[in-house]
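Look for subunit A in each of the two complexes below; its partner is subunit B in the first and subunit C in the second.
So, the complex of A and B:
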C-alpha cells in the first residue's frame, strides 16, 4: 500500500524520499538470573530487533503528514533517521536531494526539529539567550531574526517568557518556546515528534494553530508523530500508519475515514446492564467495547446489522434511558486497522 | 575561512551562555574552584614532601619537580576550562541527549564542547602559570624567545594530547554504555604523569610514552626545559599531538556513526 518513490519526478514533489528503509538494533538478551547475567558480561548474547522493516514513501513540498502507530512501532526511529541522527541499517533516504547522514550539517540548516520529551534550549539561561545562540548556529541575518522572533513570539504567545530561564518554565511554556525555536531559521521541513505530549488543551491549540499557519503561509513541510489523534486530524491531510516497523496504510486522511468507517458506535444508558459481568450473547457484526453497570457501548458493522435491530435486542432485557449513535473517529479506525494487522501476522 | 569565522562567532555565543550560567550559580562556582585547587594541590604536596625529605626524586630536584607539576596542571586546567564536556559523552549517550547536537548545523564536537565552560579553571591556569615561572626562576633558566616559543608549542600540543586522550576513552561510551569508568581509570593513571617518569621501571615509562602518551604532557617537556633532554622533544611533541588528535577525531566520528539514541 505504500507509495514507491518515482525516480523520474522532480525534487519538488519528492522532497523526502525513503526507500526500503531498515533499522535494526542489537539488544543484549535478558538472562533472568544473576549467574547467567555475569557470564553474559564476557560472552554477550545479542538478539536483533528490527525496529523499522522495509519502509518506503515519498513526501512532497508543503505536505503535512501524520506519522502514526502504536508504541514501539518505529515512528521515532524513522524520524531520527530522516533527521540524520541514526544511520539506517539498509535502504536509502534522500531529503532535498541529499543523504542526511552523509551531509548532516547541510541538511540540518534546512530542517527544524521538535522533540516532545526533549528540550533543544539551554536549561539555565533566559529563553532569548538560547534564541540568540540559534541565530549564530543557523547564521540568521539580524533583520530576519528580528522579524521571525517577533512573529513567533506573537503566534506562540511567549513574549513574557523570553527573559525567564527555561528551568523555571512550565511544561507547556517550554514546549511553546521550543516550537518557536524550530521556526526561527525558516526551515523547509519541520519534524515534530510528539509535540503535544502532556500538554493542556490550550497549549495544544496554540501549537496546532502555529503549525497550520506555517504549512499554509510558508508551505513548510511537516511530519508529525503523535498519540493525540486530534493533532493528526487537525494538522495532516495525509496519514502514514506503521505497525511493527511496516507501513500499513499510507493514504489521504479523508479516504481512510471513508474506507474504514463502515463501523458505527452505539451507546446505551440503561437502568441495569443485563450482561454486566456475564458477557453478551454473540450477535453478528456487533462487538462490546465498554460496559459498566449502567451503560453499554457497542460497535457494529452497518452493512451487517442495523441500529434498530440492536436497540430492539437491548430493550428486551432492560429499560433504555438514553441512546447515542456516532461514527467512529480516526483513533478508533486506527485501532481497528492495527488490531487486524496484528492478527494477520 | 568563512567556516572559521562562523565557528569563532559560535564559540563567542557559547562563551556568553557559559558566563550567564556562571553568574546564575555563584555558590556552585566557588565550590567547584575550591575542589579543583584542592585536588591538584593534594597530589602536589605529596610529591613535594617526598622530594623534600629524600632531597629529590632520582636526579630531579625540588624545583624541577615543581616545574613538572606546573606544566601538568596548566594543561589539565585548560582542559577543564574548555574541553571538560568530553566527560559528558557518557551521559549524553545514555540519556539520548546527543540527538539535540545532531540536528544542528555545526560540527557536533564543537557543540559538545560549547555545552559548558568552567571559567573558574582560568584562575587555576594563572596560579599554575605562576608556579612554572617561579620554578624556572629558581632553576636559573634564562627566559628568551626560544623558551617562549617552546612554551607555546607545549601548551598547544599538550592540550591536544591530554584532552585527546580523554576524548578517545570517553568516546568508547558510544559502544559500551557506562564506559565512563574506563575514562576515569585513564584519568587516575594520569597521576603517574605528575612524577618524573625516569624514576619508574621501563615498562611504566614506555606505557606513558607509546601507549597512552601522558609523558608528553609534563615529563618530557619539563626534562627539556631543565636540560635533561635534547631537542628531540621539540620535534616529537607535535608528532605525538598529531597522532593523538587524529586518533581522537577518528574514534569520535566512528562513535557518532554508531550512536543509537534511546527510545522515546
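So, the complex of A and C:
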C-alpha cells in the first residue's frame, strides 16, 4: 500500500518507469537445405531472439528523451511495450501509475503515438473527418477540439490539406497530418517512432518545431526514436542509447557530447599546402584526414594537443586563408560508442 | 453510442470514395440476378410450380438471395486479415476503443450502405422488371426486416473469425474467397435449401448460414407459418449469441498472440 502511495507522489518524476525489461521473440530457424526445410514444416526449430535485454530507465513528466540505437537494437520493441501493444517477457513497465498492457484503453487515452511508417488516419476520407472521429473517440470537448485543431493546423501548416483524403497526400503532408492527430487529445506522453523518416527538410523542421513547442508549453513528455540525429539534437535534452537490446548510455545530451567529444577537427584553407604529396611530420595526437593542394583537414585529440598549437605549426609553413574548427556531431559520437560496444562483446 | 454513430458515418464516407467501383458491384449483382432468373425460367417451362414455389416466388427468391449473398464478397474479414498481415493491427490497438467495437461499427456501416444504395433500389427495380412476387404481407415484411438485421450479427462474428485466421495462414485472399463461396452455397444464396437432399436441407436449415439468406427470404415469401417464423428467428438469435462468444474467444486468443509475438 505504501508503495502505491509512494508511486503516486513520485508520478511527476517517475511518469514512465521501466524495470529490467526483457523481450524475447521466438523465430523459426532458417534452413540450409530443402530437406531440412521440409522437416521444419512439421517440427519447426525455433531460435530465441533477445530483442530487449534487461533495460531499466525512468522518465519524468515533461522530459524529451531521444531513444537511439542502430537498426534492430530493440528501439521499436521497447516503444511498443511502453504503448502496451506488446507484452514483455520479463520485467515491468509503469506509465502514469498503470501497467499499459493491463489497462490498454485507459493508457491509450493519455498517450499519442506516431509511427513514421504507419498512419493513424482513415485512408479514404478527408483528413478533417478523421480528426472529427478522434474528437468523438477520445471524447474531446468541442471547445478544446477547435482550439487544438486551429493551433496544430497553424503550426503544421496543414490548413489547405484538411479537406483532402489521406490517400491523395504526399508523404510529408501525411506525416504532418498524423503528428497533428497525435496531439488533438492533449496526450500526456507522445511516442514518436522515426517521425521524420523520408521527409524533406521543411517538413522535418515543422515537425520539430511542433514537438519542441508542445514540450515547452504543455510539458508533454516525449520519447523519440530516430536515425536522424538532427531530430534528436534539436528535440531532446536526454539521450538513451541502446545496442543489442541493452542500454549503453543514458545521460544528458550535452554531457555525452563533452565526455565523448575529445576529438576535434580543424580545416585550413591555405595558399599552398606545404605537405602536399610529401607527407606531414608526425605530431602527437594529430591525424591528417584529407589534403588537397589548397586545403588541409586534421583531426586531433584535445587532451593531447591544443588547437592553437596546431595553428601555430601550420602558419609557420604557409599562409592560412581561413580556418574552421568543429567538434564531432552527436552522430559521429554515437557511431564511435556503438563501435566500441560491439568490440567489447 | 455517439462513437458508434461516428464510426458508421466514417464507413459511409469511405464507401462514397469508391462510388465508381460500387456501380460495377451493382451491375454485377444485377447480372447474376438476370442469369439465375433465366435459368429458373427454363425450369418452369415444363411445370407450374416447384415444391410449392411459383415462378413469381422463385423470381423473388433469386432477387433477394442474390442480393443478400452479394454481401459475402465484402465484409470486414479482408480488412482484419490485412491488418494482421501487414502489421497495421498495432495501430488499431492504440485506438481508445476496442478493435471489436471499431469493426462492428464498420460492419454496421457497410450493411446500411448496402441496404440503402444497393439492396432497396435493386430489389424494387428487379421485382418490377422481372415480375417477382411481393412480400406475403405487412407482418411478414416486418419480420423479414427483423431477420435481416439479426443476420448482421451472424455475418459479423463469422467474418471476424475468418479474418483472424490470417494469423495462421499468413494470407487473406484465399480465406476471403473460401468464405464467400461456402457462405453462398450453405446459406441458400445460390440454390434454395429445399432443393438440397432432404437430410442435408433440414440440417442446413438449423445452421447459422441459413439465417443470412434462406430464413429471411422464406419469411418474406410467407413460406413459414407463425410458429416456424418464431422458431427460425429464435435460432438466428441463439446463433448470434454462440458466434459472439466464439468470436470473443478468438479475439482474446488473437490479442494474446499479437501482444506476445508482436503481430
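We take it that the second predicted complex is superposed on the first by the 279 of 345 C-alpha atoms of A that agree within 3 Å, B and C clash if a C-alpha of one lies under 4 Å from a C-alpha of the other, contacts with A are read in each partner's own complex, and residues count from 1 in each chain.
As a convention for this text, a residue touches a chain if its C-beta (ideal position, glycine included) is under 8 Å from a C-beta of that chain, and two chains touch if they have at least 3 such contacts.
Nothing here was measured: the structure is a model prediction, and the numbers come from that model.
**Q** Once the two structures are overlaid on subunit A, check if subunit B and subunit C clash or fit side by side.
**A** Subunit B and subunit C clash in the superposed model.
**Q** Between subunit B (first) and subunit C (second), which, if any, makes contact with A:87: first, second, both or neither?
**A** A:87: touches subunit B and subunit C.
**Q** Of the partners subunit B and subunit C, which touch A:66 in the superposed model: first, second, both, neither?
**A** In the superposition, A:66 touches no partner, neither subunit B nor subunit C.
**Q** Between subunit B (first) and subunit C (second), which, if any, makes contact with A:187: first, second, both or neither?
**A** In the superposed model, A:187 contacts neither subunit B nor subunit C.
**Q** Pick one for A:74: touches subunit B only (first), subunit C only (second), both, or neither.
**A** Once the two structures are laid over each other on A, A:74 reaches no partner at all.
**Q** Just subunit B (first), just subunit C (second), both, or neither: which does A:195 touch?
**A** Touch status of A:195: no partner.
**Q** Touching A:108, do we find subunit B (first), subunit C (second), both, or neither?
**A** both
**Q** For subunit A, which residues lie in the overlap of the subunit B contacts and the subunit C contacts?
**A** Dual-contact residues (subunit A): 25, 80, 83, 85-87, 104-105, 108-109, 111, 113, 115, 118, 120, 122, 124-126, 129, 132-133, 136-138, 165.
**Q** So in the complex, which bits of subunit A are touching subunit C?
**A** Against subunit C, subunit A makes touches at 25-26, 77, 80, 83, 85-87, 101, 104-105, 108-109, 111, 113, 115, 118-120, 122-126, 129-130, 132-133, 136-138, 165.
**Q** Of all residues in subunit A, which touch subunit B in the complex?
**A** The touching residues are 25, 72, 76, 80, 83-87, 104-106, 108-109, 111, 113, 115-118, 120, 122, 124-126, 129, 132-133, 136-139, 165, 193-194.
**Q** Could you list, by residue number, the parts of subunit C that touch subunit A in their complex?
**A** 2-3, 6-7, 10, 13-14, 17-18, 87-88, 90-91, 93-98, 258-262
**Q** Mind listing the subunit B positions that touch subunit A in their complex?
**A** Touching subunit A from subunit B are residues 6, 9-10, 12-14, 16-17, 20-21, 24-25, 96-100, 102-107, 257-261, 263-264.
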